[in-house]
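Residue numbering begins at 1 within each chain, and the chains themselves are lettered A, B and C in the order written.
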Amino acid sequence: MDWLQREIQLAPKRRGFHLVTSEILREVPEIREFAMGLSHVFIKHTSASLSLGENADPTVRSDMESYFNDVVPENAPYFEHTMEGPDDMPAHIKAALLGSSLMLPIRDGKLALGTWQGIYLCEHRDHGGRRGLVVTICGVRIHRIRS
Amino acid sequence: MDWLQREIQLAPKRRGFHLVTSEILREVPEIREFAMGLSHVFIKHTSASLSLGENADPTVRSDMESYFNDVVPENAPYFEHTMEGPDDMPAHIKAALLGSSLMLPIRDGKLALGTWQGIYLCEHRDHGGRRGLVVTICGVRIHRIRS
Amino acid sequence: MDWLQREIQLAPKRRGFHLVTSEILREVPEIREFAMGLSHVFIKHTSASLSLGENADPTVRSDMESYFNDVVPENAPYFEHTMEGPDDMPAHIKAALLGSSLMLPIRDGKLALGTWQGIYLCEHRDHGGRRGLVVTICGVRIHRIRS
């Protein structure tokens, strides 16, 4: 049983849904050493979120942004938490709907994702800045099996 | 510390919410060997999802389907990703709302679910076909405690 | 590799979103013994849920309640599961949207949450009563590293 835990930062993104699989994997290259395991990716914020989504057509990601703006409107008449700007309370709601972490299986040194799955960083603020993640991997390293 | 990882296939389901606890457990009978642990169930698709829900009254599941069809309509005027059919973009959105994986506690060789909890396969496509899952279990096997 | 698993009960809460980080941590003080790991918090119910949210301004939590009441109305004309009261089917839907468990990283004996993150117990029933959770921690204990 081996563990790896690392805090990483994602570069600032504009509001919207962004494919960040490569950006995350670049920060934890040791994933290739794990024969089997689980990788937990956690975002330390409540106004951005993580989700798995279609990794090919960019209009899927822009449609996601359109949909969530439609169903979680800014300036709902009943919002009381308005002092941090009209995009703040909707950001908290979207983050709750989409979730703050992903748990992904590891197999043969890679994330065992489906062909069309990619990791989305969902930036719900207009100016969210850098976003901090904690990646925690637990599993069985390859050399332990092979040796 | 013991690990089990297995890729399984769920038989095709019609669009809707389906109780699949038994269908999944049948594929990983070794769960009964674990005294304590966690079971991760992951779906390798972005147009179907996994959720925990009420396991008794079938109208809960049909009401779930009705609700998600209501709140995620087909043919929203702002959708651009339309080339894969009117059920495709809503399927991606529903999958993001409901989630692609479940982490479930194991206790005494069984999933430690509440009395009324069951695993739902949420099929969001009209013709989704077979769905691939990756089940990853980590925990402590019973014989290790007893011996 | 060390494990801890414990079933705990949260005191009854009125319908709404409640910050319960302290109430949960009080029940698993051993978390301070873990140098690194993951903590899984699971709710054994389908009409209440767990979420991470902003931990400072109470109006964020009341706005969450207002929003979910708005987007998941009671007495939708298509609901068939109505025999357990008008708050029951909406409770199942809200629980599916928000999720039944959280996986949280542990670092240096503490949950490695962001500054503004707290654990919400989201009580979706009018009279939900006590709520049972299963907390499962796996990780590396501090004394194992230091000794």
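In the analysis below, a residue touches a chain if its C-beta (ideal position, glycine included) is under 8 Å from a C-beta of that chain, and two chains touch if they have at least 3 such contacts.
Worth saying up front: this structure is predicted, and the values here are computed from it rather than measured.
The angle of the rotation carrying chain B onto chain C, fitted on C-alpha atoms and rounded to the nearest 5, is 120°. Although chain A and chain C share one sequence, what matters here is the overlap of their interface residues, and that overlap falls short of half of the numbers used. In whole angstrom, the spacing between the mean C-alpha positions of chain A and chain C is 20. Of all residues in chain B, those touching 2 or more other chains are 1, 71, 97, 99, 103, 138, listed in ascending order. Looking at the complex, you find that chain B touches chain C at residues 1, 36-38, 51-54, 57, 59-60, 62-64, 66-67, 70-71, 97-99, 102-105, 107, 112-117, 120, 138-140. Remark: chain A residues 1, 3, 5, 7, 40, 42-46, 71-72, 76, 78-81, 89, 92-93, 95-97, 99-101, 103, 132, 134, 136, 138 touch chain C in the complex.
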